[in-house]
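The structures come next, written out as structure tokens.
The same chain A turns up in both complexes below, where it pairs with chain B and then with chain C.
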Partner chain A sequence: MKHIKVICTVALAAVVVIFASLSTDLWGKDIVKDAASKKSVNRFLIRADGLACYFCAYGLERYFKKSGKIAAFDMHMEEGVVEATLLKGEPILGVETIESYIYDAGFTFRSIKAVLVGQVEQRGGRIIFRISDTGDELTVRKNSALEKLLKDKGVLGQEVQIVAVAEKEEGAPMALVIEKAEPWVPTEG
Partner chain B sequence: MRFHWLLAAAILLLGAGLLILVVGTNACTPSGYQLVATWGETGSGPGQFSEPMGIDVDREGFVYVADSRNQRIQKLDPDGRFVMQFGELGDEPGQFEKPVDVAVAPGGTIYVSDYDLDRVQAFSSSGQYLFSWGESGEGKGQFRAPAGLAVDKKDHVYVADFYNARIQVFDSKGNWRGTIGAKGHGKGQLNYPTDIAFDGAGNLIVADAYNHRLQRFTPEGKSLGTWGFRWKRFLGLSSAFHVPSGVAVDKGGNVHVADSANKRVSLLSLAGNYKGQWVLSDDRHPNVYSPTRVAAALDGEILVVDTSNNRILLLHLGKQAR
Partner chain C sequence: MKQSVSKWLVGLTIVFPPLQSFSYAHEPLFMMSHEAPGKGAFDLHAAFHHERHGDETEREFASEFTLGFTRDVALQMSFPYASISEDAPSGLTSKSSFSDPSARIKWRFWDKDLLGKKYAAAFAFQSTIPTGSETGRKKPVFLTGLSHGREGLRWYYFVDTRYRYAVAEADGSRPGDQIWLDAAYGIRPRLRKLEETDVVFFVEVNYLRERPGGLTGGAKNTNSGGDFLFISPEVLISPNNRIMFKGGVQIPIAQSLNGNQEKRGLAVVVEVEFRFGF
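Right, the complex of A and B next:
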């Protein structure tokens, strides 16, 4: 009888600990300390319906912050766009993850543009964009902007900053439709 | 043939009736308000603001502003002059991430809700940290973005729990006392509530922002009805709301509403009848919902938080409206 009581107590304690850790994962993650000094050069420009309201836009900011992967979050409410800057070295957020934050915050998702620094590489028949900061490799979908980029062979293999529409890709954070690419010149600080 | 004439006359009468209803409601009501002063500008210095969100007035007429992007509370005198500030960025006691509302209890305790940290902090009248409560979650005493605050005459603290779509009630020390409302669109239900005020009888008036209405409750949580309907805005009626995010009741019993997406302050009688409006002027951000909050000053004037333009506006209530 005594053993049963001990087992029950331990089991109950384990359940409490598991639930406590689960709730921490869901809600209690610390907002990243000194995030501003850990800003990477990679960021997302997110467009969603309803960003004109402060309470709502703050809600979106709150969900992104709690992910622990965002260094800065700037709202451009007049344009209905928010800008989420990633932390240095942090794996890139996927389109599905970003969409879930937007949905959880009560918005209707519209589009994501990724502003990333890395290299465009040709491998066989595929075009890959490798993010310098993290080494993440993303598939690039063909379009006229990409063709122009590939024609300019000096850009291939060089570090460039791209602006690309981020689309869902199975088994990867996202695929990119490049709209613009320019040689990357790092700035001080 | 005679039937056709009768039918045509009936349609004409109906049309004329509708026209009188719509035009009459919009055009013939007095404006009620007059802008008398503008306080503040964009910045982080004394008396400057960066996305001011919350406001309250203490018994002596001092004004407290939740200056959210500056992570501080500013205290202003009744003429809008800076008196003091407290708070800074952080998640330690006395620090803020996103202070979005402030409420001063009759005894002088200052309560501040933090939208990002899911907590309410209490401060002395001199801005000294006293205690806090709340954590992230959906249970009793937990929050998902505490947006609005109000303190009743018994020192109970009411918190508009934005994402949990409810009002939570606490005693003056932060002990949970009850919950009002649940998520939904029906009577007694709320959809992203943002602010709370009390009428003279102690009933709550909740800014039920995304139901586009105000909803009144007894202190025990029984719904007494709603003012404003979502569908009304499609007819262009002045009495319709579009994301009403702030509400205040003055000593004369007038209800003031920050009708944020309509970019105006609406004036209602305590019975909920539309009496007038003031439309935001010199607005540099026409696509952003503002003003967000209102408060009644002791002298009968109305303080309006114009978040997007980083300023507080002082409105005078005309005799016609009083």
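Right, the complex of A and C next:
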């Protein structure tokens, strides 16, 4: 009887471990299937404090996976940066949503840099950035860097890749403060 | 008579298996610490604990779960199966059964995040759920503690204090209260990238003051309790951010025992932890 109990326990333990192993995608940072064909050219570089190890920060990866809008996830620990590559064609995540993910996972949100491909357009007195991939339209906040870009590089109407600080915007996922813009040249693959 | 007393004393230790460690993520294995898994987290642990105390050997296998209720509050449950054997002069005796499950609630009440590091403090309360099984008890055991620590990319420290109280059985017998003071230092020799194997080494120092327990009828058991000092080297290996293997040995380095008692031996913990979520 005792042996049967021990065997049952060991068998139960083995089932638990095997189940857990199978349910855990052990290798690879892509968080959707066939990520290579689903990755967009757009990504967020999210600065957060309190990130001290990858294992503890798994909660963040889980939130991004659950959002259904992120294809790949990476972390640059020494810089405190979480890199989230967006899914092609999916509307982008908003600043408030990302902030809540960071908080709920147990960390402190600092800022987001968005690396996006699209067009800078002028509508009336407003500057809009339209993301090529999703059609999302985001307000661009005016600053001296933007003025310089508009004047020197003539980025209006061209497809460009921008690096911008993402800020909260009522009724929209985010507003952008563009720091850098370069003509976009798509690469193979 | 002498034999029955000795059998009873053995019984007292037999029905008081150690409370499970509930080590989560990069927490030291033999103490309490402040880490919380975050809202919606679900962790599954399989832990093996081996401990020798005089002629008695206890082995325990436990399935443990950690649920993150909020960013800072976590519930942990443990379901142990224990096997206890004693190499007595009258021969080897052993018993095994499912033992008392335990539940722990942990609240990280303070944290401060900086680039690449986190300082935090937490309170925890734990109770066993008595089953009256062969290796369990008929009354609960409570444990409460405060912990503080720092997690960083290169190094960690943890300190805690714990108090364990066992409710007396119907016959008045009970193990002695325990007060623990623990400290741990951890180092990550090399910071790897996501999906590369991460290794962290810990060394813990554990001080235990155990008060004398109670005999049947409630009389003080003068042959129980004492002061103990342990040192515990540990290694935590995570091949990626969803699985972690942990192992540690608790070595007694000083023991001042009340009355006539057998010395404590080594304790070993081996654990595997999987991270999920909902």
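Quick note on the criterion: the second predicted complex is superposed on the first by the 154 of 189 C-alpha atoms of A that agree within 3 Å, B and C clash if a C-alpha of one lies under 4 Å from a C-alpha of the other, contacts with A are read in each partner's own complex, and residues count from 1 in each chain.
Throughout what follows, a contact is a pair of C-beta atoms (placed from the backbone, for glycine too) under 8 Å apart; a residue touches a chain by one contact, two chains touch by 3 or more.
This structure is a prediction, so every number in the text was calculated from the model and none was measured.
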Which superposed partner A:D49 touches (first chain B, second chain C, both, neither): second
First, second, both or neither for A:R62, with chain B first and chain C second: both
Contacts of A:G80 with chain B and chain C, given as first, second, both or neither: both
Touching partner for A:T108 - first (chain B), second (chain C), both, neither: second
Of chain B and chain C, the chain that contacts the larger number of chain A residues: C
Where chain A meets both chain C and chain B, residue numbers: 23, 26-28, 52-56, 58-59, 61-62, 77-78, 80, 106
Of chain C, residues touching chain A in the complex: 25-26, 35-41, 44, 46, 61, 63, 68, 70-72, 81, 83, 94, 96-97, 111, 113-118, 151-153, 188, 191, 194-195, 198, 200, 238-244, 272, 274-277
Chain B partner contacts - residues on chain A that touch it in the complex: 23, 26-28, 30-31, 52-56, 58-59, 61-62, 65, 77-80, 106
Chain A residues within the chain C interface of the complex: 2, 5-6, 9, 12-13, 16-17, 20-21, 23-29, 48-59, 61-63, 66, 73-75, 77-78, 80, 103-108
Touching residues (chain side chain B, partner chain A) in the complex: 51, 53, 68, 91, 97-98, 100, 115-116, 118, 135-137, 144-145, 147, 162-163, 192, 194, 209, 243, 245, 260-261, 285, 287-290, 292, 307-308
